[in-house]
Amino acid sequence: MPKFDKMAYASADEMIFGTAKNPVKYGRDFTVGGGYVFPELVPHPRPGTETTKKTLVKEYEKMVTDVLGRCVAIGIPGIQIELEHVYQMTKNPDWGGEIAAATKHLQEEYHRKYGLKSAIRATIADYRKPDEEDIRNCVALENQLKTFETSAAGGADNLSIESVGGKEISDYTIVRQDIRGTLFGIGVLGSRDMEFMWKKIVEIADKYGVTPGGDTDCAQANVAMFMAGGYQDRSVPHTFAALTRAISAARSLVAYEQGAKGPSKDCGYEDVIIKAITGVPIAMEGKASACAHSDLVGNLIAACCDLWSNEAVEYHDMFGGTTVAVFTEILGYDVALMNTAIEMGQAKILRDMMVESDKYRDTHGFILCPQNAYEIGKAIVENNTSYYARARAAAIKAGELMLKDSKLQMSAFEKESLESAMRTLESLPEKEEDFISECADIYKKLIPGFSLANYGL
Amino acid sequence: MPKFDKMAYASADEMIFGTAKNPVKYGRDFTVGGGYVFPELVPHPRPGTETTKKTLVKEYEKMVTDVLGRCVAIGIPGIQIELEHVYQMTKNPDWGGEIAAATKHLQEEYHRKYGLKSAIRATIADYRKPDEEDIRNCVALENQLKTFETSAAGGADNLSIESVGGKEISDYTIVRQDIRGTLFGIGVLGSRDMEFMWKKIVEIADKYGVTPGGDTDCAQANVAMFMAGGYQDRSVPHTFAALTRAISAARSLVAYEQGAKGPSKDCGYEDVIIKAITGVPIAMEGKASACAHSDLVGNLIAACCDLWSNEAVEYHDMFGGTTVAVFTEILGYDVALMNTAIEMGQAKILRDMMVESDKYRDTHGFILCPQNAYEIGKAIVENNTSYYARARAAAIKAGELMLKDSKLQMSAFEKESLESAMRTLESLPEKEEDFISECADIYKKLIPGFSLANYGL
Amino acid sequence: MATVANYSNIFVRYDLVGTGDAKGAKLSSKDAALQKVIQCVLEGDSDNIVDAVNEALATKDPMVVINEGLIKGMNEVSRLWDEGEYYLPQAIVASDAMLIGLEICEKKLGKSVEKKGTVVTHTAEGDIHDLGQKIVNALLRANGFEVVDLGKDVPVDEVITAVKKYNPVMVTGTALMTTTMTAFEKISKRLIKEGYKIPFVCGGGAVSNEYVQGYELGVYGKDASQAPGMASDAVNGMDWMQIREKWNS
Amino acid sequence: MATVANYSNIFVRYDLVGTGDAKGAKLSSKDAALQKVIQCVLEGDSDNIVDAVNEALATKDPMVVINEGLIKGMNEVSRLWDEGEYYLPQAIVASDAMLIGLEICEKKLGKSVEKKGTVVTHTAEGDIHDLGQKIVNALLRANGFEVVDLGKDVPVDEVITAVKKYNPVMVTGTALMTTTMTAFEKISKRLIKEGYKIPFVCGGGAVSNEYVQGYELGVYGKDASQAPGMASDAVNGMDWMQIREKWNS
């Protein structure tokens, strides 16, 4: 059930990069949200190295060494490395654990030798299949939980996940521009699955004395956003993707209601809204994650970040060194600019520049600029009667904001798509139980394998 | 002979990104230094594609399409593409011409369809060998000049080069920490060779009605800077590299004395000094050129840029698209932030943040921050009696600035190296002719193949 | 706070360039019943297509309803999508409606209409992200192909077994991660060893043209919408190298 | 203008961490004349080494001056460089001085001292940037190797011809551009065809470990300073695969 019923911040203007109401401290002298921004570098192993534990551990050792080496080469004060699990690292819990340990070993060496601050996030792969198995009792879940344990034992400071509950519905509905089903898949099923998962993750984190980090609606809201794509893409309307994002904020919030402390996951674009509500530090990814995907919020999304990430970069050589070193450098300078603004007492000026760069570039940036994110956050906490109610309120608020700001331009098609979704959203039942039973009827017929029991229903 | 005898700017504080005293307009609605910053994307073909003209043209067509496609996907208002010649493109003048034509064709298409502003810089490869041949009369030179013509005829808007005069000396002296020889190789020989080359380049540009762009001391000052490298490198002292950079400003200036109009070449870190003297728009590369090399001036170097470049990125796939598209996006957002600051009337605040980020990170950033660059520029114009005199004055001024600012920290070794170079610089003869004859004696013995005749001496 | 008066030097809304000249559907049938069927396909109206098709079947041969109603409607949808008038969701819901209509016609016909050919689709082992594959399935089916859907997280062996069993004109593989797509090379080798020289279209997430060019049979699928065209080329006798040449270079 | 009081949250000067404990040269000789020779090498003093060596040769056998003066001095330089006390320029000028001294000793000896082995070095065709190669040459010579310097912009054929003529223990190739380094693969193939299974160390500018691992004989040279160590390994009987394993993984 929803818990948050008020905002952590008194106004959007209070929100700024580098500082969170509830900073988190872990790793080697590493504090997130405590006044300065740090880079979070996500290295991705080359295909082929996942074949054996030995080759994969070696790959990670090389990548981590390159990252830490570049930090001390150019003066980056501290860094978090995300071990974003490829499937093999989670399926084999000892792999994940060993890679965390190897990473920690290297970070300790650099900390001892140079004083480089550092930390490790382990993001376990959620490879449960909601339309094929009992996701509350399957081998995948068992392995995932085991891998959380081995990672924490091995040296991960922060445990995170990109959970996939409700994806079987949203996959079907996003490509059909079906806002009702999307709200059901993300807002209801996603939230319920997160509640289930995060109880367990927090328990494990507590057991090992590490920090439960965060979740992201990568499997749903990012699907919509990446499919919406750039200006020329015609896969999913951008307005529809923006509504999906608003819904995802109500969902990803569940992690913090179950005890997660942040920093949130980088690819959770909804995290601006979550920071407004919870005050947890957030990891964000924008222009420097172009290596992983293109987006329309390259600068704006940094406005309130506490960690600044590249999302993921595969390990290869470039003229300027390996990709992981190259992106460490790019992130490092981006972050240096933010920290300089902080030291000069001009952080808000830089933040506002970031915002204005992209606020009207696209609907996604528009709803995620601090002012609008804050409004959506308020809609969420003011409708905390059910997961459904607050997710729907978030979408409606986002839609209203988009429709009323005349500076936000939209094509006729995009506007129609938004208005149609808004009509649907407004026509939906008030009560969660009614909504669930309506959706259950519809989607059980349409989606083979869909099972309410997976969500305790 | 030196021409510039005064500064284009009344003070360093006047200098800012996006605006130059003498903007340049060419290409498709493309203005550089006219109020806004544009990205300059440099694509590099994959090894193997240089085998035939057909495969190389095709490679460029793909790369250029990806670049322009990403611009219209995320809303970048305009872009310059640099065709930085691989040796084969210059050695075969028709290759260079055809690639320029193919690029222009694509740019015109995007301009017609979307209104995307664009331009082309062709940078011809200087593959003359000063220690092996008559560089004023050799096949390489002939091909280079022919390729300038084919490029201009094909569609290049801007003709540039990274000329190599004096490299046979500086290669020898930089790795021996010999400041006298470095001053000779860059300040005297480099300048004289540029005078020779740029007379010819400007003539060709005029003949075709295109813009003579600029030169860079890539072959000398960048060798010193890249060898100085990061904090842990022990190849060339950073202080020595900074002196080399100051000298290179006096050298690269010669292009503009011979009629070049800019924008300057991206990898000419000395261009800040040149902008202060000449008022031409400059292309710069910093954090987003980490794909090509690491440096310690990632933010600072953007302070006065008019074009913002990635230096060079080899064409490959990343998760987020091809490398050239990825770096177009990164540059595009960097530039969007600068242009937002301009629109908000807060450009100087952003500029000062960039400067403070790196001014004391390393000696190179220190001497290239606008204030110090301006001072070095003044030393150059106030000592315009000879190429030698102004290059030496630039180095001495840079050394003085480094020694007197207590916030600039240096290791004992670095400081010793700087003081030793300063003693040498101060002990050198006053007159250029004396210096030349002193150096001629020394380096003729040490460097096989070194010939004064190559420099009209 | 300082504000921005003019955003056009910060970004340009290229998505709005040349919009406004909405073209809409150009297709209509003189027959009112068929027109209703076409309309349901164009609007992706899965609710009303049942009645529309049944109504048309009352007076017309099922093959006429299929060819002059459902397929014509779907072809128009493809045109609208190609021209940027429709977005993917319009194409998907149209294909949903079309397939519902087709099923009714086939029931009346007493047999399935002949398919253009069979395509085996799968998502790589270790990957549970099969959205791309599902879109491919829908578009292939809407374009008259038989789809053998192996689902997600599929081991190499299963793909080979299915190829042996169904003898498809084409196989597709989807992978989100580069560390799961490594299975594609293995599949390529196995197919060749077993004598199947059919195009193996690989796409999704991290799969790149560069990678797919690295093994035999591999054709890079940049976008799900290319699948029907590639399958048609295979049916029309192009071999994998010709298909690669056409779509990937 | 707003100013920064504390830069330590913007950047950290890791280059200054742990500095201050300068170690200096540890080496000295009880013999005053040899000490002078050593000192000239340590200081890279090419002007005074002539006198110092001649003075030492007045009372000592040339081989003693070489082994106890020049080589000892150079070994100490290598140690200081390895430990971060010296920078590259100190190593280079030391090697300059050492080689001047060696030439005098060899003249007195009436023959060249035996070299550890021969290395053929070149810069790729199309590349005129041979600084990396020149550093390699200097360091190899200072470490007792014979260097056959083919210079810059060298066609594949010339490299093969030189290998046949000089039978080196190792070949090196330098390239600044990836579009010139493609010659390395050709050289590798030609060497194998001609039966030379010697390490082919490639480095410089855009050359990457990933690329060099892609062809036989290839060993990636990250830094010029590795060249003497690799050449020694080759002399000591390691084959190219062992050298690659040792230096590149």
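Going by the order they are written in, the chains are A, B, C and D; count residues from 1 in each one.
Note that a contact is a pair of C-beta atoms (placed from the backbone, for glycine too) under 8 Å apart; a residue touches a chain by one contact, two chains touch by 3 or more.
Everything quoted here is computed from the prediction, not taken from an experiment.
J.: Provide the labels of all chains in contact with chain A and in contact with chain B.
T.: Touches both chain A and chain B: C, D.
J.: Just tell me the minimum hop count from chain B to chain D, counting one hop per pair of touching chains.
T.: 1
J.: Hey, which pair has more contacts between C-betas, A-C or A-D?
T.: Taking the two pairs in turn, the one with more contacts turns out to be A-C.
J.: Determine the centre-to-centre distance between chain A and chain C, using the mean Cα coordinates as centres, and give it in whole Å.
T.: 30
J.: Nearest whole angstrom, what separates the Cα centre of chain B from the Cα centre of chain C?
T.: 49
J.: Give, as an integer number of Å, the spacing between the C-alpha centres of chain D and chain C.
T.: Each chain reduced to its C-alpha mean, chain C and chain D end up 60 Å apart.
J.: Which chain A residues touch at least two other chains?
T.: Correct list: 44, 72-75, 231-232, 314, 316, 319, 336, 339-340, 343-344, 346, 349, 352, 356-358, 361.
J.: Can you list the chain C residues in contact with two or more other chains?
T.: 2-4, 7, 10-11, 13-14, 178, 206, 211
J.: Does the chain-touch network form a line, ring, star, complete graph or other?
T.: Topology of touching chains reads as other, fitting no named class.
J.: Tell me, which pairs of chains are in touch?
T.: A-B, A-C, A-D, B-C, B-D
J.: Taking the touch rule as given, give the residues of chain A at its contact with chain D in the complex, in rising order.
T.: 35-36, 58, 72-77, 113-116, 316-317, 319, 336, 339-340, 342-346
J.: Sort out for me which residues of chain D touch chain A in the complex.
T.: Against chain A, the touching part of chain D is residues 2-14, 17-18, 178, 205-206, 208-211, 249.
J.: Give every residue of chain D touching chain B within the complex, in rising order.
T.: Residues 1-4, 7, 10-11, 13-16, 19-20, 22, 44, 81, 84, 86-90, 92-93, 96, 126-131, 134-135, 151-153, 177-182, 206, 211 of chain D touch chain B in their complex.
J.: Could you list, by residue number, the parts of chain B that touch chain D in their complex?
T.: 44-51, 86-88, 91, 127-129, 132, 164, 171-172, 175-177, 219, 223, 227, 231-232, 234-237, 314, 349, 352, 356-358, 360-361, 409, 411-413, 417
J.: Residue numbers of chain A touching chain B in their complex, please.
T.: Going through chain A, the ones touching chain B are 44, 69-70, 72-75, 229-233, 286-296, 298-299, 311-314, 316, 318-321, 323, 325-327, 329-330, 332-334, 336-337, 339-341, 343-344, 346, 349-350, 352-354, 356-358, 361.
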